[in-house]
Each structure stands twice: as structure tokens, then as C-alpha cells.
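Structures incoming, each one as C-alpha cells.
There are two complexes below, and they share subunit A, which is joined by subunit B in the first and by subunit C in the second.
== the complex of A and B ==
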């Protein structure tokens, strides 16, 4: 029984990582209307940038992370502007755009391999001694991951509901044509979304790397399909759905992982298939597209 | 034809548009004066909705020009036209289903100050104050359109008629000078019909001009001082509904059918 509760504890950590990454992916998917298969590599690049600022430039971890967030926001906006936008302007269908993101994925992954090599690195942060927290046994770093994720979700919520930009993001995601004829220019909204995506991808990647205690160039890519499971489970383009999806996938994978640890991530897809069989629109029922 | 023709609010000159091999609009010229309510009628397939698309900017014309508020807007994007006060509603009323009713109105507010994340980060007090002002104007508009009790509901749950009122609330917030209404009475319960008619009239009283595509001639008679009749992608005739009833070609093309 204690193993079971312990697994739920780990599940919350995984859920925290998945929520950070999943919300970034689903927001961009909703606003731009195509899936981004380079997202895993964007996460990884964010991790390496943080690591460069932290372990090589010897900045404090928080400062290193903040710098990496700014860089990744800029890199994601630049990628979208330089590579994706010409295809979008040409009216390419979502399938073509998805394949272009595969290309971006290869480019980013090759850049990472070329600069940092294929070996694994680690942040070597303090706080890896587990604390006894009632039924849970978690390290301070894992608690920090959960705290960061909850705080980030709250900030995303405020951004989406309290600011004009956030409302415009949701409007463009909900019905882009209506947004256009109502005077909302999609371009600045799409740019802001990519910036936010870069920030969340980096936070998710760093949380993943810190939780796994080491990372290599395949970090984000290996995790990408679990993130897609979270996004689809929550309903594409629905940030609150992704948060709930992350909680479900995180806890279920860790608990099932007690019995079949080698298939932990695959469990995410079993959950996805089972849920979609009964609720094709995802966990959160929307008020209907109209 | 690059000289601005006349001083109407909207002037459309000789626009045409083909989709594939189908000439949806073959030749359409019309104008709407400031504060005027102009009807656009014609049988199905006459090209009325395409004209609405051409004027709002969602459809690019193959030829011809669109002038609005003294400027040639032919090459303008829909969002640029909207910012100048040229707004539209849809045959099947549209809302952002996952935004609340008040958010649907707020997000249509003119101004570009919500378009930067940097403003959110570094000019937060000013940004939040602006947003509060938008909230207050949106609340007043919802009050005016009788939607205030639905303020915090997601727009996706509204009925067809309520969504129509929300569309009118949205274009009011957007600062419409001219509103294009594409079949405003489609899919609306009789009770909300009167509400929609009243709202259009009171917007007109406050200076908003309308171009109304409508099948129901009763509504056209009540609202429109002047009516444009289209058939097969061309403007057949322009006049008051009474004048048009006297014309045999108009009756043959359209009026006869619905008057039987």
C-alpha cells in the first residue's frame, strides 16, 4: 500500500513536468492550428542553454534559467517567423506544416549534437535527499518542480483570462476567422504564443532534466509522445484540459509503472485510447464550436 | 476607377469573384450612406453572401474596388477593415464558444495595446487599467443588449438568438461605422426577432450604417430605406421595396416567388 501511495507522489512530479510541457504545446497547437513535432527538441535546447549559463558561465541556477527562458522565447518566435511563416502564408495544409516541424526537429537536434555531443550531462543541484512527508517520500527538488509547475499554471491562467493578449490568444484559437473580421490581427497573437511556448517548453524540459537527474540530446524527443498524449487527452488547444490530462497521465503511468516499469510511458497511450473511446472530444467537454 | 466615387460611407464598384468555374459575383456596384440601412436581397445563389465577404475582406475580389470611409480598402485585410469600423455578422451566428459572453465583447475592443506580451510584463498597471475600462464598457453594452445575466457563461451555450444579440454587442464594442448583417433573422426564435430588430434600430439611431442581407421581406420593409436586388451575381435594381415591387424583372427574379 505504501508503495502505491509513494507512486502517486512520483506521479504528481511527472504530472507537474507534463503540465508545463503540455500547456505550452497545446496553446501553440490551438492558436497556430498545426502540431509541432519540434517541441521535444525545443525543450532539450532550453535545457542545454540553462546548463550552459549555469554550469559553464557559473551563473546562479535561477538566473541561468531566466536567461534560457528569454533566449528560448526569442528562438521559438524566430523559428516560427523564418521557417513556419512562409509555409503558412502560402496556405500549406496542417499536414505539410507538421512535416516542416519534423524538419525543424532534425535541425535543432543536429545543432544540439554538434555543439554539445551525444553524451549526458547533469545539473548537479543540491536537494536530492528524500524528505519524509507523511505518506510521500519526495526530494526538495521534486517539491520545487511541483511548486514551479503549479505557479506557472497559475500565471498562465492569469495571462489567458486577465489580459487582453490572453483573451486574443483564446479567441484566435477558438475561431480565427471570427477574430480576423473582429479586428484582431493574428500575427502578433501568434508571435506571443510562440514566445510563451518557448518559455513553457524550457520550464518543462528543465523540470524533466532535474527530475531525471541527467539529460542527453534525446531528452525532449523521448518524452514528446507522452506530452502529445496529455494534449490530446485534454482536447487540443485547451490549456486547462492539458493540466487535467497531465495529472491523469502522470499519476496513472507512475502507478502502473510499479508493476511494469519498462512500459511506463506506453501506459500513457493506453489511457489515451481508453479515454478517447468514451470521450472523443477529450476530458474537458467544451461548450461546442459554433 | 481609382478616384473615390461619391461620398458614401461604403462604395463598391464593379467587383467580381469566381470560385473555380462558378461566377459567384459577376458585376456588383453598390453604395451605403452614413447612418443608412440598406437591404441586399435576391434569390439563393445570387451572390449576396459573397458580396458580404468581399466587403468585409475575407474574400479577395478578382476585380473591382471597395471604398470605405473615404479610403480604398480593396487590398486591406479583414482585421484592418474591422479596425476602421467595417464589421460583420454571419448567417450562422458566430461567437468564441470557449470565451465567456463578456470576454466575447471585450476582445472585440478596438486598439492595439493588447497585442504585446512585453506590455503584459513591463506595463502591467496601465494594461490592467485598460482592461478594467474594457470590462466596464463591455458590461454596459451587455446591459444594453439584455445579455447581462449571461455575462460569465461560455458563449457556446447561448441560443441562436442570444448569439445574434452577442454579435451585435460585439460590433458595437468594435466601434462599427458600418455593419454587414448576413441574414440576421436566420435561426432566431420569434421572441428574439423583435429584440434584434429593436437593437438594429437603436444602433442606427446612434449613427451606425447597415448593409442587411435578408430573405424575409417583412424585415427588409421594416428596416431598410433602400434595397439592392441581386440575381445571378449582378445588381438587378436599386430602390425602395415599394418601387421594386412594381418592376417586372425584379418580381420575376425574386419577389414573385416569396409573394405567392
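== the complex of A and C ==
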């Protein structure tokens, strides 16, 4: 029984990582209306940038992370402007946009491999000794991941509900044409979304790398399908759905992982298939995109 | 002299395999518009099945473990590979084509590929885990007395015959009513449904067919190289086959074979002779970025590819309006638009 409760504790950590990454992906998917297969590599690039600022430039971890967030926001906006926007302006079908993001994924991954090689790196942070917290057994770093994720989710919530840009994002995500005739220009909204996506991808990636205690160029790509499971479970374009989806996928994968540890992330795929077959609009039933 | 011939022959063999793979993917993506982002997983299934149905039981004390361990004579392993790949392709299609938008379908196939990789990599009893299978003999090499380093003498004729067969099959589909139905699904699934086409079955069949062809390509790969392991079927491999189809011309068999020559024969085989740098990943990374960039540029500047798809139905319509039979000038003007 105690193993079971401990697994739920680890599930909360995985859910925290998935929520960070999933909200970033679902916001972008909703606003731009195409899936982004380069998201995993954007996460990985964010991790490597943080690592360069931290381990090579010897900045403090928080400063290194902040710098990486700014860089990744800029890189994501630039990628969207230079590569994706011409296709969108021409009215390319989603199929073509998907393949373009697949190409971006290959290019980003190649850049990472060319600069940093294929080996594993680690952040070497203190705080890896587990603490006994009632039924849970978590390290201070894992608690930090959960805290960061909850704080980030709160900020995203404030952004989407209290700021003008956040409200415009929701409007464009719900129905771009309706938003346009209401006087919302989609271009700045799409740019802001990509910047936010870059920030959340980096936070998710760094949380994943810290939780796994090491990382390699395949970090994000190997995790991407679990993030897609979260996004589709929550309903595309619905950040609160993604948070709920992250909680479900995180806890389910860790608990089932008690019996089949080497396949625990693959459980997310089963969740994805079940959702797609029986409830393609996601957990929260409303007029969605599916 | 012989070394140069062997290198060129190996390059030719890879081009033949890629041409077969491109024709299979073209049936799915180019003709029908089905985005199968885990096409290479079916190549892997073909390679593993052809391996374990011809290798025999693992030698005692080698520590290798894999299923079956049969020693079936040529060409049964290739047939088994094709059937296995087609079976799993059908299985994926059954779950994925039920009611998915094209982008959800692409996500599902991508995820299925990651999971397939995980399962093969982590289950050592299946195909020997991360080490994969090795020591697969070239078919007929014993009977024909050909040394392993010259196995292209056997594999190139086998590959050429299979390529011709696959091309002929794809060509027949192109000209058949079935092929026109597939194109209708690509252009508009709703319109095809409205004309009474069962788009689910059309897509399922083309998924199986394309994966059968992938399985054949996988079987040829393992029989030529002699080994196959999970690291050989990461997502990037699928993208490389996609790049051959997109550069060559989706929907056109000649185009995608030309794409295979360009991507496999020139870019990939050519990059093998670039000098290595301190960072071993540098040359493959540059090569992959070039492929990714080329695909994006071609999709923007020449979406029809090098050899555009020929559209027989436009010719038919022109012929009909040209004869003047039962068409008013205003109708034929509409057709011209």
C-alpha cells in the first residue's frame, strides 16, 4: 500500500512536468491550429541553453534558466515567423504544416547534436536526498518541480483571464474568424503565443531533465507522445484541460509503472488511443476542435 | 578497383531499397494523403521478422534471445516480413482511421512509433533488445557460393526484381478505379463519402498495402546488411523517406524513385565520404539539417516536387468537352477553370 501511495507522489512530479509542457503545446496548437512536432526538440534546446548558461558560463541556476527562457521565447517566435508564417499566409493545409514542423524538428535536433554531441549531460544540482513527507518520499528538487509547475500554472491562469493579450489568445484559439471580425488581429496574438510556448517548453524540459537527473539530445522527442496524450486528453487548445490531463497521465503512468516499470511511459499511449477512440473532444466536453 | 565497385554496388542497393520504400509511402501519403509518421517502424518489423525467420535459434551461450528462430528458405522470410508489416499496419489503421482528423492521425502514428521503439528496445526476448539481431545470411549465398563481401551480386538482382514488381503494382493502382478513389479521398474525404466511397476501407487497404511494401524493404535491408537493431528506426528515418517522396513528387512513381536516388544515392551515400570531425555527430547532423531544409524549401517553392503528378482525369474532361458532345460553352468554360 505504501508503495502505491509513493507511486502517486512520483505521479504528481511527472504530472508537474507534463503540465508545464502540455499547457505550452496546447496553447500553441489551439491558437495556430496545427500540431507542432518540433515541440520536443524545442524543450531539449531550452534544456541545453540552460545548461550552457549554468554549467559553462557558471551563472546561478535561476539566472541561467531565466536567460534560457528569454532565448527560447525569441527562438520560437523567430522559427514561427521565418518558417511557419509563409506557409500559413499561403493557406497551406494542416497536413503540409505538420510536415514542415517535422522538418523543423529534424533541423533543431541536428543543431543540438552538432553542437553538444550525442552524450548525456547533467545539471549536478544539490537536493537529491529523499525527504520523508508522511506517505510520500520525494527529493527537495522534486518538490521544487511541483512548486514551479503550480506557480507557472497560476501565472498562466492570470495571464489568460486578467490580461488583454490572454483574452485575445483565448478568443483566437476558440474561433479565429470570429476573433478577427471582432477586431482582434491574429498576428500579434500568434507571436505572443509562440513566445509563451517557448517559455513553457523550456520550463517543462528543464523540469524533465532535473527529474531524470540527466539528459541527452533525445530528451524531448522521447517524451513528446506523453505530452500529446495530455493535450488530447485535455482537449486541444484548452490549458485547464491539459492541466487535468497531466494529472491523469502522470499518476496513471507512475501507478501502472509499479508493475511494468520499463514500459511506464507507454501507458500514456494507451490513454491516448482510448481517448481518441471514445472521447476525441477531450475530458472537458465543450465545443472543441476535434 | 573491387573496393570501389563494392561501394558503388552498396550505394545502388540502398537506392533500390529506398525506391521501394518511397513507392510504398507514396501510396499512403502522395496518393491517398494519409500521413503515416511511423512508416519506418513497418520497415523495422519487416527487417526483424525476415531476420528471425531465417536466422535459426540463437547459438547457445551467446546471450542472444529472440522469438521464432526459424530457418526458412528464400523467399519465405521476405513474404513473412511483408505479411507481418501489413498486419501491424492494418492494426494501426483500425484504431487510427475510425474518426480522426488528419493531424490527430499523424500524432497517433508518431506516438505508436515511439511506443514500438520502446517495446522492441526494452523487451530482450522479442528481437534481442537494444543489440538487435545480427548475422543474417544473404539468401542463396550458400548455393551460389558467393562470399559475404560480394553479396550485392545476389541482393541487387533480387532487389531490382522486387522494385519492378512494386512499381508495376503501384502503376496498376494509379490507373485503376481504386487509385482514382484514393485520390478522391486525398482531395476531400467528405466529397468521396458523398459519392458513396467507403473512405475507411479505402484508407485501411492503402495503409496495409504501403506497410507490406515497407516490410519488403525491411527484409531486403536486413538480408543485405546482415543486422538490424532498434537504433535504426528512430523518427528521423521516417522523415528521410518522406523527404524522398516530397522532393521527388508526391503522387508520381517516377518522381518518388527519383527522390530516392537524390536523397539516398546522392545526399546520404555522398555524405559517407565527407571527412569526420572531432564531433562524430557533425556530418550526420549537417546532412539531416540539409534534408530538413530541402523539404521545407521544396514544400514552399515547388510543392508538386521534381516530377509533378500527372492528372489523367483532367485530360479525360478536356477530351469530353473537346468533342462538343452534350456540353454548352459555359460548361466547358467552367471545366477550364
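Throughout what follows, the second predicted complex is superposed on the first by the 282 of 290 C-alpha atoms of A that agree within 3 Å, B and C clash if a C-alpha of one lies under 4 Å from a C-alpha of the other, contacts with A are read in each partner's own complex, and residues count from 1 in each chain.
Definition applied: a contact is a pair of C-beta atoms (placed from the backbone, for glycine too) under 8 Å apart; a residue touches a chain by one contact, two chains touch by 3 or more.
Please read these numbers as outputs of a predicted model, since none were measured by experiment.
Contacts of A:185 after superposition on the shared chain: subunit B is touched, whereas subunit C is not. Of the two partners, subunit B and subunit C, it is C that touches more residues of subunit A. In the superposed pair of complexes, A:222 makes contact with subunit C only, with no contact to subunit B.
Look at A:85: by the touch rule set out above, it reaches neither subunit B nor subunit C. Touch criterion not met for A:176: it reaches neither subunit B nor subunit C. Of the two partner chains placed around the shared chain by superposition, subunit B is the only one that A:195 touches, whereas subunit C remains out of contact. Of the two partner chains placed by superposition, A:157 touches none, neither subunit B nor subunit C.
Of the two partner chains placed around the shared chain by superposition, subunit B is the only one that A:165 touches, whereas subunit C remains out of contact. Residues 290 of subunit A lie in contact with subunit B in one complex and with subunit C in the other.
Listed in rising order, the residues of subunit C touching subunit A in the complex are 33, 35, 37, 95-96, 98-104, 106-108, 110-112, 114-115, 118-119, 122, 235-236, 239, 242, 246, 279-282, 284-286, 288-289, 291-293, 295-296, 299-300, 303. Residues of subunit A that touch subunit B in their complex: 159, 161-165, 167-168, 170-171, 174-175, 177-186, 188-189, 192, 195-196, 238, 286-290. Per the touch definition, subunit B reaches subunit A in the complex via residues 56-58, 77-80, 82-83, 87-88, 90, 92-99, 103, 106-110, 112-117, 119-120, 127-128, 130-131, 134, 154-157, 163, 170, 174.
Within the complex, the subunit A residues that touch subunit C are 34-35, 37, 83, 86-87, 90, 92, 94-96, 98-100, 102-107, 109-111, 113-114, 117-118, 221-222, 224-225, 228-229, 232, 262-263, 265-266, 269, 272-273, 276-277, 280, 290.
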